[in-house]
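Listed next: structures, encoded as C-alpha cells.
Next come two complexes, and both contain chain A; in the first it sits with chain B, in the second with chain C.
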Partner chain A sequence: MKFFSNITREARFLFKQKYLVGILTAVFALSLFSVWSGLSEMQTQSSTIERLKEKDRVDRENVLAKQSGYGSAAYYAFHLTYSEPSNLAFAAIGQRDVFPWKHRIRMLAIEGQIYETDADNPELSFLGRFDFAFLVSVLLPLFVILLLHDLRSSEREAGRYDLLITTAVKQKYLWLTRAFVLSASLALVLLVPFVIGAVISNASFVGTSLIVLVVFAHIVFWTLLIVWYTSNKMALKQNSTQVASALLSVWLMVSVLIPATTDVAIDKMVTSPNGGDILLVQREAVNDAWDLPDSVTWDAFLATHPQWKNYTDMGLTFEWKWYYAFQQVGDQKASELSEKYRQATLEKDTLASRLALLSPPMLTQRLMSSLAETDTQAAMQYEQNIRAYHNSLRHFYYPLMFTRAEFSLDKMSELPDFSQFSKK
Partner chain B sequence: MSIISQITRDEWRFWKRTKIATTALIIGTLLALISAVVNTIEMEHATHEREHLQHTSESRFLEQPDRHPHRMVHYGHYVFRAPSPLSIIEPGVDAFTGTSIFLEGHRQNSAMFSEQRQASGMTRFSSLTPSFLLQVLVPLFIILIGYASITREKQAGTLNIMITQGVNLSHLLFGKYLALLCSGFLMLLPLVISAIWATTNGESVLLTSSFVAGYVLYILIWSGLVLAVSAMSKKSSASFAILVGMWIVFCILIPRIGSSSAAALAPSLGKLEADFAVLEELRKLGDGHNAADAAFEQLKKNLLAKYEVEKIEDLPINFRGSVAQYSEKKLTSVLNQFAEKRMEEELSQAQIARQFGWLTPTTAIRSFSMMIAGTSLETHHRFLREAENLRFEFVQSLNKIHQDTLDYQADINRHNDDKAARVNASNWQVLSEFSFKPDASTVRLASSTPYLIQLVLWGVIVIFGLRFAVRRIS
Partner chain C sequence: MQKEIIVASSLCVRFNNQTVLDDVSFKVHEGEVFALLGGNGAGKSTTLKTFLGTVLPVSGNASILDMSVTDEIDSIRRKVAYLPESVTLYGHLSGIENIEYFLSLAQITCSTKAIEEALKRVALQENAWHRAMSNYSKGMRQKVAIALALLRNAPVLFLDEPTSGLDPNAIDEFNQLIATLAAEGTTVFMVTHDVYGACQIAHRIGLLDNGKIVGMFERGESSHIDTESVHSAFSARNKR
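== the complex of A and B ==
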C-alpha cells in the first residue's frame, strides 16, 4: 500500500508543474499524428492494392480475349503481384518506401523485370517519414531526457534537496518513484494512440503487445540510464543543464554517430555485385540468343528442363517456345549474380541487426519494423514470392507451348493466381 | 567597438574554462571535417565509377555485330547520372533515386538500383553527410555552446553590474553574438574547404559562394535564436530546455511532418497504376512489330500515294521500318504525356513539403542547399527527360536504318534467312554520347530563390527577436 501512496503523492506533486504537463501533451499530440498518418498511408496502400487487383483482372481479360495462342498470351498478359501491409505496418513504415510493394510481371526473363521499382517520391523518402517507430526510436529518448535529467538537480536548485533527503524514508525510493511516475506517464501518452490505431487496423493481440513491450523496454532503458547517471558522484556536482548535455551526447552517440558509422562500415564489409551487372548479363544473354544457333539455347534450356527434350523441333517461322526458352536461359545466366546480390542485401541486414545492439534506438526501430513486417527481410520475402509466382507461370505455360496445345480461354482461367503466393 | 571585441574575447575565455562548450565545438568541427572527407572520397569514387560504366555501356553498344536493326532497338543502352560537384556536401535525393536507367525500344524504364535499397537501413534518420551535420547537428552544438551566454550573466548578477557601468546592452549582445558566430563558422570551415574543392572540380564560383552564403545565413539564424532565447530567459536551465525543445521541433519534427503531410495531402497514383492507363492508350496505337495491324492502314495509304505505287513490296523503302518509326513516335508521345504528369505529381508533393520552410529554417536550408547543389528532385527529373530524349533519338535512328537500309523482302523472309536480314555494324554509330551535366548556374540560382527568401525571413525574425530581447532586459 505504501508503494501506491508514494506514487499518488509524487504524481500529484509532478503534475502541478506546468511544463511537465506541456511536454506530455505535446508527446500525446505527436503520437496521435504519427499514428494517424501511418494509418492513412496504409489505408491508401491497401485500397491501391484492391483497385489494382480489379484493374489487373479486367486488363488481362481484355488482352487474353484478343489472343489466339499461348505464346502471345504469355507475352501480352501482365500479372499483378503485391505485398499487403500488415495490420501493424501503420506503426512502422520501415523500408516500405524504399522497396517496392507492388509489381506487375509477365513471362519474360524475371531478372529484367524484378528490379523495376514503383518507389515513392524520392524527395519525401529523403526527408523521412514521421511514423510511430521514428517517434519511439529517435525522439522518445529526448523526451525521457527532458523529463528526467533534473530529477535531483532541480530539487537542489530549488533548495529542497537536503530537506527531501532527510525526510524521505529511503532516498533511493524517492527518485525511483519519481522516475517511475514520469516514465509511466510518458509511456501512457505514447501508447494510447498506438493501441487505438492497433484496434482500428485490427492488429493481432500478440503483435500489438510485443510492440508495446518494445516501447516499454526502450523507455526503461533510458530511464535506468538517467537514474543511474544522475546518482553517480560526478553528476551530483553538475547542474541540470550539464547533466542534460551529457545525456544528449549519449543520445547523439547512439542514434546518430553509431548508425552512420556502422552504415559506412557495413558497406565496406560486404561486397555486393553491382545491380546493373545483373541486368547487363541478362540482356546480353537474351539478345545474343537471336544470333546464336538454336541448339545453344536448347542445350542450356534442356539442362534444367530435360522433360522437354523431345519437343524442341523448330517450325519454319518464329517459335514462341524457343523465345521463352532463351528468356529462361537469360535468367539462368544471371541467377548467380542475382543470388549474390540478394545475399549481399541480406548479409548487410544481418550485420545491421547485430550492430544495432550497440544502438538502442536502432534496435528499437528494427524490432518494430520487423514486428510490422516492413523490414528488409519482409521486402526480400516479397521478392522471393514474386520469383515463385513467376516460376509457376512458366510451369503453367511450358506444357501448353511445348505440346502445341490448342488455345482455349477456359484453360487460361486456370492461370496461377498471386494470392496463393502472397503468404509466407 | 572595443567593448564589443572585449565581450567577444571574454566569452571565448569563458568557453575555454568550461568543458561543455569546448567539447561541443571540438566534436562539431571534427565531425564536419570527417564527414566532408568521407563524403568527398565517396562521391569522387561514384563519379569515376559512373563515368566508367557510361563509357563501357557506349562501347558495348558500338561493338555489337551485324544485326537486324530492330534487335538493337531491344538490345538497348544504359545511361548513368553523374553526380554534381557540390554533391560532396549535399548528396540530396541521389541515394534515393536510382542512378542508372536502361533505355530500350517501346518502353520508358524507371531508374533502378537506388543506393538506399542496398544500404543497411541504418541511415534512415541520420547520415554522415556534411549537409545533415550542418543542417541538423550544428544547431544543437550552437545551443550547447551558447544557451547560457546571457542567462549566466543574469544568474551571477554580472549583467546588472555591466549595465550600471554603462555597457550598452546592444553592444553586449552583439559581442556575445560575434563569439557564438565564430564557433559556428569554425564548424562551417570544412564545408567551405569542400566548396572550394568543388570549385576546382568545375563548379562556378558564383554557385559555390552562394552555397556557402546560404549556410552562413543559417548559422546566423541559429546563433541569433540561441542568443535571443538566452536573453529572454531568467535561468540557464529554462533557456536550455526551451532551446532543446526548439531544436527538436525545428530540426527533426517539422521537416518530417512536412514529408508525411505531403504524402497524405497529395497522394500520387504511383507508376504502376498510371501504367494501366498508358497500356490502354498504347493498345489503341497498334503493335509496331506487326505491320499488318489495322492501326497502320492510313500510314500505308499515304506512303503508297507518296511513292505512286500499288503494293507495299514496290515501295523504295522498307514498310516495316516505317511502321516501327511511326508507332514509336506515337507511343513515345503517349509515354511522355504520362511521364510528365507523374513528374508533376511528384513535384507538387515536394513543393508541399518545401512550404514547411516557412515554419522551420532547417527545411528552408535543405531545399536551398539541394537546389544550389543540383541534387534536387528537379535535377533527377531532368535526368529522366534527357535519358528519354537519348532513347527516342537512337531508337528512331535505328528505325530509320531499318526503313532505308534493310531490304523489305529480306526483312519479311528473316525467319528463313536470318543472315540476309541484317545491316552493317557501322550503323550503330548513331548512338550519341550521354553526359549528364548539372543545370546552368543561373537556373539553379533562380530556382533556389524562394528558399533563400524563406531563410531571409527567418533572419528578419531573429533580428526582431534580438531587438525584443534587448528591450525586455532594459
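== the complex of A and C ==
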C-alpha cells in the first residue's frame, strides 16, 4: 500500500510542474506522428501492392492474348512479386527502406532482375526514417536523460536536498519513486499511440506485447543507468549540467559511435560482392551465349537439367528453349557469387546482432525490426521467395517449350501465382 | 536529572585530509535550546550535517535519543525536524500543498484543519496559504517550514541560522515560538553566528572555533545568556 501511496504522491507532485507536462506532451506528439507516419507508409505500400497486383493481372492478360507460343509468352509476360508489410511493420520500417519490397520479373535470368533494382529513395535510407523504432531506440534515451538527470542535483541546487532527505522516511525510495513515476509516464505516452496503431493495423497480441516489452526494457535500462550514475559519489558533487553532459556522452557513445564503428568494422571483417557484380556476371554469361556454339549452352544446362537431354534439337537458328537455357546458365554462373552475397549479408547480420549487445539502442532497433519482420532476414527471405517463384515459372514453361506443346490460353491460366510464395 | 537527547562524543570529521571537527563533545538535554555559535568555517554546519546523517564522522560518535547517526539514521530521521537556513520549498506548490507533500514524505497523515492551525500558529497570513510559494518572501517561507516542523511533532528540532534574513518582528515571533516549543519538551539544536539572537533564545551556547569547542555559556538564573561575555569571547576568537 505504501508503494502505491508513494506513487500517487509523486505523480500528483510531478504533474503539477508544467515543464514536465510539456515534455511528456511533446513525446506523445512525436510518438503519435511516428505511428501515423508508419501506418501511412505501410498503407501506401499495401495499396501499391494491391493496385499493382490488379494492373499486373490485366497487363499480363493483354500481353498473353497477343502471343502464339510459350516462348514469347514467357518473354513478354511480367509477374509481380512483392513482400507485404507485416501488421507491425508500421512500428519499425527497418530494411524495407533499404531492400526493395516489390519486383516485376520475367522468365529471364533471375539474379540480375533481383539486383538491378535499388532502394526507392537512397538518401532517405541513409538518414533513416522517423519511425516508432527510431523514436524508441535513438530519441527515447534523450528524453529519459532530460527527465531524470537532475533528479538529485536540481534539489541540491534549489537548496531543498537536505530538507528532503531528512524528511523522507527512506530517501532511497524517494528518488526511486520519482524515477519510476517519470519513466512510467514516458512509457505511457510513448506506448499509447503504438498500441492504438497496433489495433488499427490488426497486429497480433503477442507481437504487440513483445514490442511493448522491448520498449519497457529500453526505458528500464536508461532509468537504472541514470539512477545509478546520479547516486554515485562523483555525481553527487556535480551540478545538473555536468550530470547531463556525462549522460549525453554515454548516449553519444552507444547510439552513434558504437553503431558507426561496428558498421565499419563489420564491412572490414566480412567481404561481400555487391549486387552490381552479380548482375554483371549474369549478363556477361547471357550475352556471351549468343556468340558461343549451342553445345556450350546445352552442356551447361543439361548438367543441371538432365531430364531434357533428348529435347535439345535445334530446328531453327533461334529456339526459345535454347534462349531460356542460356538464361538458366547465366543464373548458374552467377549463383556462386549470389550465394556469397547472401552468406555475407547474413554473416554481417549475425555479427551486427552480437555487437548490438554493446549498444542498447542498436539492440532495441534490431529487436523491433525482427518482431516487425522488417529486418535483413525478412529481406533475404523475400529474395528467396522470388527465386522459388521464378523456379516454379521455369517448371511450368520448360515442359511446354521443350515438348513444343501447342500454345493455349487455357493452359496459361495455370501459371503459378506469387501469392503462394509470399510470406506475410 | 534531565534526559540527554543529543550527544556528541569526541566527534572528528575530515574533508580531503583537512580536519573540520576535532574532538567535539557536548550534550543537549530534553527541552533545552542549545546554540552552537561560531564564525564562518568554524564547523557549525558540519556538526549539524553530522547529526542529520549527511556527513559521516571519521571517529567519535553522534547520537540522538540514544540512537547512533551512523547506524540508525532512518529511525533518527523520524524523530527529527530540520529547518534549513534558506528555506526553499517547491515554488509551484502552495504553502499548504508543500506541507502536505513533505508530511507525506515523512509518512505523517494530517488533516487540512491541523495544517491550517499550524500556519495560524506561525502567523502566516491566511491569504497566502493557497498561493504558489514562488511569490512568498523569505520570512513567509520560513514560517511554512516551521509549521511543517511543528506538524511533524518531532521531539528534536535542528535549526540552521534560523533568523538570518528575517525582519525584527519575525525574529521576535520566531523566538517566542521556539521558547514555547522548548517549554513543551522539544529539544532544539541551532547553529548560528548571530551572538545576540543566540543569547536571547538559547539555554546554553557552545562556542566553536576552528573545529573545536572553545567555550560553553549558560543562562543560569537569568532570563538570557549575558551577551557581553559571549560577544567578547566570540570577537577575541574572530580577531585572531
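Here is the rule we go by: the second predicted complex is superposed on the first by the 415 of 424 C-alpha atoms of A that agree within 3 Å, B and C clash if a C-alpha of one lies under 4 Å from a C-alpha of the other, contacts with A are read in each partner's own complex, and residues count from 1 in each chain.
We adopt the following convention: a residue touches a chain if its C-beta (ideal position, glycine included) is under 8 Å from a C-beta of that chain, and two chains touch if they have at least 3 such contacts.
Everything numeric here is computed off the predicted structure, so don't read it as measured data.
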item: Fit or clash - chain C, chain B, common chain A; value: fit
item: Which of chain B and chain C A:D313 touches, first, second, both or neither; value: neither
item: Of chain C and chain B, partner touching more chain A residues; value: B
item: Chain B versus chain C as contact partner of A:E406, first or second or both or neither; value: neither
item: Partner chain(s) touched by A:Q17 [first = chain B, second = chain C, both, neither]; value: second
item: First (chain B), second (chain C), both or neither touched by A:E414; value: neither
item: Contacts of A:S272 with chain B and chain C, given as first, second, both or neither; value: first
item: Touched partner set for A:E41, first chain B, second chain C, both or neither; value: first
item: Computed vertex angle (chain A) for partners chain B and chain C, CA, steps of 10°; value: 90
item: First, second, both or neither for A:S255, with chain B first and chain C second; value: first
item: Chain C versus chain B - closest C-alpha approach in the superposed model, Å; value: 15
item: Chain A-facing residues of chain B, complex; value: 20, 23-24, 27, 31, 38, 53, 65, 67-68, 71, 74-76, 78, 92-93, 95-98, 100, 102, 109-110, 112-114, 116-128, 137, 140, 144, 147-148, 236-237, 240-241, 244-245, 248, 252-253, 255-264, 267-268, 270-273, 275-276, 279-280, 346, 349-350, 353, 366, 376-377, 380, 415-416, 418
item: Residues of chain A that touch chain B when the two form their complex; value: 19, 30, 33-34, 37, 40-41, 44, 48, 51-52, 55-56, 59, 78, 95, 98-99, 102-104, 115-131, 134, 137-139, 142, 146, 150, 154, 157, 239-242, 244-245, 248-249, 252, 255-257, 259-264, 266-267, 272, 274-276, 279-280, 283, 287, 290-291, 316-318, 344-345, 348-349, 351-352, 355-356, 361-362, 365-366, 375-376
item: Footprint of chain C on chain A - complex, ascending; value: 2, 5, 9, 13, 16-18, 158-160, 162-170, 174
item: Complex contact set, residues of chain C against chain A; value: 49, 52-54, 74, 77-78, 80, 82, 84, 86-90, 92-93, 97, 101-102, 104-107, 145, 152, 158
